[in-house]
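Two complexes come next, and they have one chain in common, chain A, joined by chain B in the first and chain C in the second.
The block that comes next holds the complex of A and B.
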């Protein structure tokens, strides 16, 4: 219970710091503060006066900030310079696309990385282990934008087996319900779901593979290290001396204890994952938040940048804090949450 | 009276020498070390070795293939790009920009992070706890996001992107320094110095800092690989170094326009970044396992 209170205080405090940062950005960005904050360009002095009064910009900074937070909570996030649409609607479309891409990459990394890492850890310091370890080191070192380009060059341009960009072929008109394209396709009723699903998977495979390659490598390394550490511990020797079978030792003693330290490390992985997803999005024209932010910076769309930064940071930090909290709850022996190296 | 001696030899290796011995015993790590040394050499003396000026355009030699292909020439080892610039010279210059600025910004981040982390580790109480936890949470903000914000405020450029990456790396150093200082402060040798009347400053410089250097080297190598990738990624996205400046990410982005007819313009700069990061990671990994072996033996 105490932990829950501590983490929620931490969460609220961090969000306040972030909101303050995003509010400060309206002043730091070049251009008019009013325009940066609202995204509305006033046409005449009277409208300008009215907007200033509405956003309380004539009050002290503290009151301006309080009003800003209130507006954010009410869902009034301002308007984009370029499209003139409410930013909230734009982010509601872009954000799930990024989360979807990252989720698939993370799942791939978990389902491939953990078993391979366990295998390498159990066979530690043999030829197999060295091979897996070296391969994971190699794929961990790939710059994500380059590997994505190489994939495009090989699979899209040379072999032509995967499409170059986008989420789903334009032939399919998929209404945006949940924001996750695979779920939306299953929900849509006016198209051939089977064909659209396969098409969406084709679009997904290259971006997911480029992100997952790096995440899987770090997952393998983390798991391997953790299994090796557990193998050295006295309770494994005790289990062996009691004559337990290898299978039993692995599933009952090694696996559980080895997976515990992986969780907090996953928390840092999320940051890398989202960064990589954002970079890959620009290459594959994936309509996610990374692509959206980069377009916003090219076009100097300051209101969009202000809210986009807040949205991405909030999502990343929520995930990180949730994982840390979960970790504290299932593993009370961990006093402070630790972050380690891969 | 017989002298008790732990080692057969007359001279006893210092901890650093033992780490170095363990490090050298691993062939992979040592190879990585040599490659890293090569990159270091290139980034210092690269412009002296380069056969051409990296910015010099040559209309008579547009998109010449690399020398190992049938119609390539030896005068352009890695071929030329769409403006007739020599790719080999550009990559040498690019190593200097990318690797040099990465080292510089890691050093700055380390200096700032260690100072703040030490202060945070030596103080305690609610205030330090709040600051620490908030910092930990802020550490989760992606570098790319910080870079986008900084670019929006200050404009694009190599220096601005360096600031962004430094800002993103600092919390990591703070975190590790803080937890390290915390654990060291509880140990007996620090207590002994305290009883001798050492003030916090002396405690830090004479007792804690020498023990911290290993941790800093390992963390520094991790940060360096992140820095190289981030600098080139920002250059590639046109948010960092700007086109005429030969930065590896920028060279890659330049080559993108002709990627289909001249794939070496994309392959070679990317391969260089990859090799650089791989060498840094291999050395960092080798260092970590050398330290681990030294401590367990």
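The block that comes next holds the complex of A and C.
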């Protein structure tokens, strides 16, 4: 219980700091503070006065900020300067696309990285291990945008086996319900879901692979390290001396103990993962938040940048804190010295 | 997590089995055409905007006009007006309208009657008549009609009967019919307008469009796509038209080309000049080419000193080498421009005077005009590719180098397209690299919107140059139907422009269109936007 309280306080305080930062951006960005904050360009002085009063911009900064936070909580995030649409709606469409892509990449990384890492750990300091180790080192060192471009060049342009843009062929008019394209396709009744699902999987391959490659590599290295550490521990030697089968030792003793320290490291990976997803999005024209922010930067859409930064930061922090909390709950032994290891 | 995943895989497997019918799949992928366009339209009414992005997305897909251009001859041919008559004094135009022309039936509007004279009157009154309730909607600017002064020249639009309309002009205008055939003179639905007005949402007319064209609007997401469906009751017959039409908005030309190669697009807008070879070398792609009715130029903001001084403008024109610009930016896909008119126009003057490259004389003129060495100016380079200028930023950099040779510093300015044009209209630039694609072959379509006084508020006169003599001359050219006489007047106009140089004409570019071979029926429309009526796809 105490842990829960501690984590919620941490969460709320971090968000407050972020909100303050995003509020400050309205003043730091060039141009009119009112426009940066609301996204509405007043047509005349009367309207301007009304908006200033509404947003309490004539009050001291603290009151302005409090009103700002209140507005954020109510879902009134302002309007895009360029498209004039409510930013909340735009982010509600873009953010799930990014989360979706990151989720698939993370799953791929887990389902490939952990077994390969275990295998390398069990075979530690053999030729197999060195091969896996160096391969993962190499793929970990590639910049993600370069990998993505190479994939596009080989698989889209040369071989023509995978499309290079979007989430699903535009011929499918997939209604946006959950924001996750695969789920939306299953829910849709105006299209041939079977065709659309296959089409969407085709679109997913390259962006997922580009992000997953790097995450898999780091997952392999983390797992391998952890398995090697566990192998050295006395209870493995004890289990061996008791004559347990290798299989039993692996599943009952090595795997469980090796996976525990991986979780907190995964929390750190989330940030890298989402950042990579945002970069890859722009290359694959994936309609996610990264792509959206790049457009906003190019079009100097300051209200969008302000809220976009806040939204991305909130998502990253929520995931990190949640994983950390989860980790603390299942493994109470790691108490004090790792506090706040975000 | 384990069970959830198993469920997902099971589902995916089911889907794979279910969706494997090959014939069905092919039929589906043939049902729609995907066109990779270069930018977002401002809205869905070309009356309110002269940008070719808006025209491409709307003019020939959603709407019809009273008249059309024959793409081969450039002659005005019937469209919604089945025939017309011009009175002897050239002031009264009578149009007989087509019957049984259906408007789009969409999720947001169901028309109760076919097209008739009221729709024509409403569509023209929208841009002509200040007191029309729709005139101020969407900003109340109608740049094409304002820049050509058409609105002011119409005395009255009269309904004779349900299918006959009379337009009475104040002065004779030999380009009037041609103007009614341009992309901008679309016919809207008066019934839809009344319906929106009664619901208090008139601005929806330009965002949820209703027209008579071969496709109807379904949805639009900025920076992503525009969706159209076939108009089942299209009055020309809907059989030859594709079931769906989708604009995939892709600003980067290299990505458009990549998508064309992978088959994610069936046709693309504005292939870059540097990439034409790739398209030619690919078997599955077609590149068609036509000399374009366009001009790329460098315009000076003549409202701002020192660019209000013709000798400063001349000096800057002399400081640049147009031939190098042509080679470096257009890669032999353009011809050097001496005047505003390309050789494809009947009024083209082959012996017109042109500025040469002479940096020494340029510096001398600058010294005489009192421009100190080290003077700084801005060149605005448009952020989008256009046939008339495929890479304005690169051109600006080249000019920057040329001008530094005569001791003038250049700052290059660029914004996204919408902001860019808004700031241009406000006149914040010193000079700008931009151009013009004509909407018909009439020379007036170049001279009037680009440099007449009336075109300053509408924003097409990028030089913000206003010269009484020039306006008189181009007006005079419209008062006569005699082509030889008109040509002589335009020669005089060219001489005036050569002396004043409000802008430096740089190039007339060819027009290209790239598409996959499985698209049948694609043609280049030299007079305006792309058309998808009659285009079909096979695998």
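Everything below uses one rule, namely that the second predicted complex is superposed on the first by the 335 of 342 C-alpha atoms of A that agree within 3 Å, B and C clash if a C-alpha of one lies under 4 Å from a C-alpha of the other, contacts with A are read in each partner's own complex, and residues count from 1 in each chain.
One rule holds for everything that comes next: a contact is a pair of C-beta atoms (placed from the backbone, for glycine too) under 8 Å apart; a residue touches a chain by one contact, two chains touch by 3 or more.
These numbers were taken from a predicted model, which means no experiment stands behind them.
> Superposed on chain A, are chain B and chain C clashing or fitting side by side?
By the criteria stated at the top, chain C and chain B fit after superposition, with no clash.
> Does chain B (first) or chain C (second) touch A:106, or do both, or does neither?
In the superposition, A:106 touches no partner, neither chain B nor chain C.
> Of chain B and chain C, which one touches more residues of chain A?
With both complexes superposed on chain A, more residues of chain A are touched by B.
> For A:95, decide between first (touching chain B), second (touching chain C), both and neither.
After superposing on A, A:95 lies clear of both chain B and chain C.
> Tell me which partner A:201 touches in the superposition: chain B (first), chain C (second), both or neither.
Once the two structures are laid over each other on A, A:201 reaches chain C alone.
> May I ask you to decide whether A:300 touches chain B, chain C, both, or neither, giving the answer as first, second, both or neither?
Both partners, chain B and chain C.
> Answer with first, second, both or neither: which of chain B and chain C does A:266 touch in the superposed model?
neither
> Where does A:282 make contact in the superposed view: on chain B (first), on chain C (second), on both, or on neither?
First partner only, chain B.
> Applying the touch criterion given at the start, work out whether A:181 contacts chain B, chain C, both or neither, answering first, second, both or neither.
neither
> With the two structures laid over each other on chain A, which partner does A:146 touch: chain B (first), chain C (second), both, or neither?
Only chain B is touched by A:146; chain C is not.
> Identify the partner contact of A:217: answer first if only chain B is touched, second if only chain C is, both if each is, neither if none is.
Touch status of A:217: no partner.
> State the minimum pairwise Cα distance, in Å, between chain B and chain C in the overlaid complexes.
It comes out at 6 Å between the closest C-alpha atoms.
> Both chain B and chain C contact which residues of chain A?
Chain A residues touching both partners: 157, 298, 300.
> Sort out for me which residues of chain B touch chain A in the complex.
Listed in rising order, the residues of chain B that touch chain A are 28, 130, 133-134, 136-145, 148-149, 151-153, 175, 179, 218-219, 222, 225, 229, 232-233, 236-239, 249, 252, 256, 259-260, 263, 266-267, 270, 273-274, 277-278, 281-282, 285, 288.
> Taking the complex as given, what residues does chain C use to touch chain A?
On the chain C side, the touching residues are 5, 11-12, 15-20, 24-25, 28-29, 31-32, 34, 218-219, 222-225, 227, 244, 246, 248, 250, 255, 258-259, 261-264, 415-416, 418-419.
> Using the touch definition up top, name the residues of chain A that touch chain C in the complex.
82-83, 85, 107, 152, 156-157, 160, 163-166, 169-171, 173, 186, 192-195, 197-198, 201, 285, 287, 295, 298-300
> Given the complex with chain B, which residues does chain A contribute to the contact?
Within the complex, chain A touches chain B at residues 10-11, 13-14, 17, 25, 28-30, 134, 137-138, 140-146, 149-150, 153, 157, 267-268, 270-271, 274-275, 278-279, 282, 290, 293-294, 297-298, 300, 302, 305, 309, 312-313, 316-317, 320-321, 336-339, 341-342.
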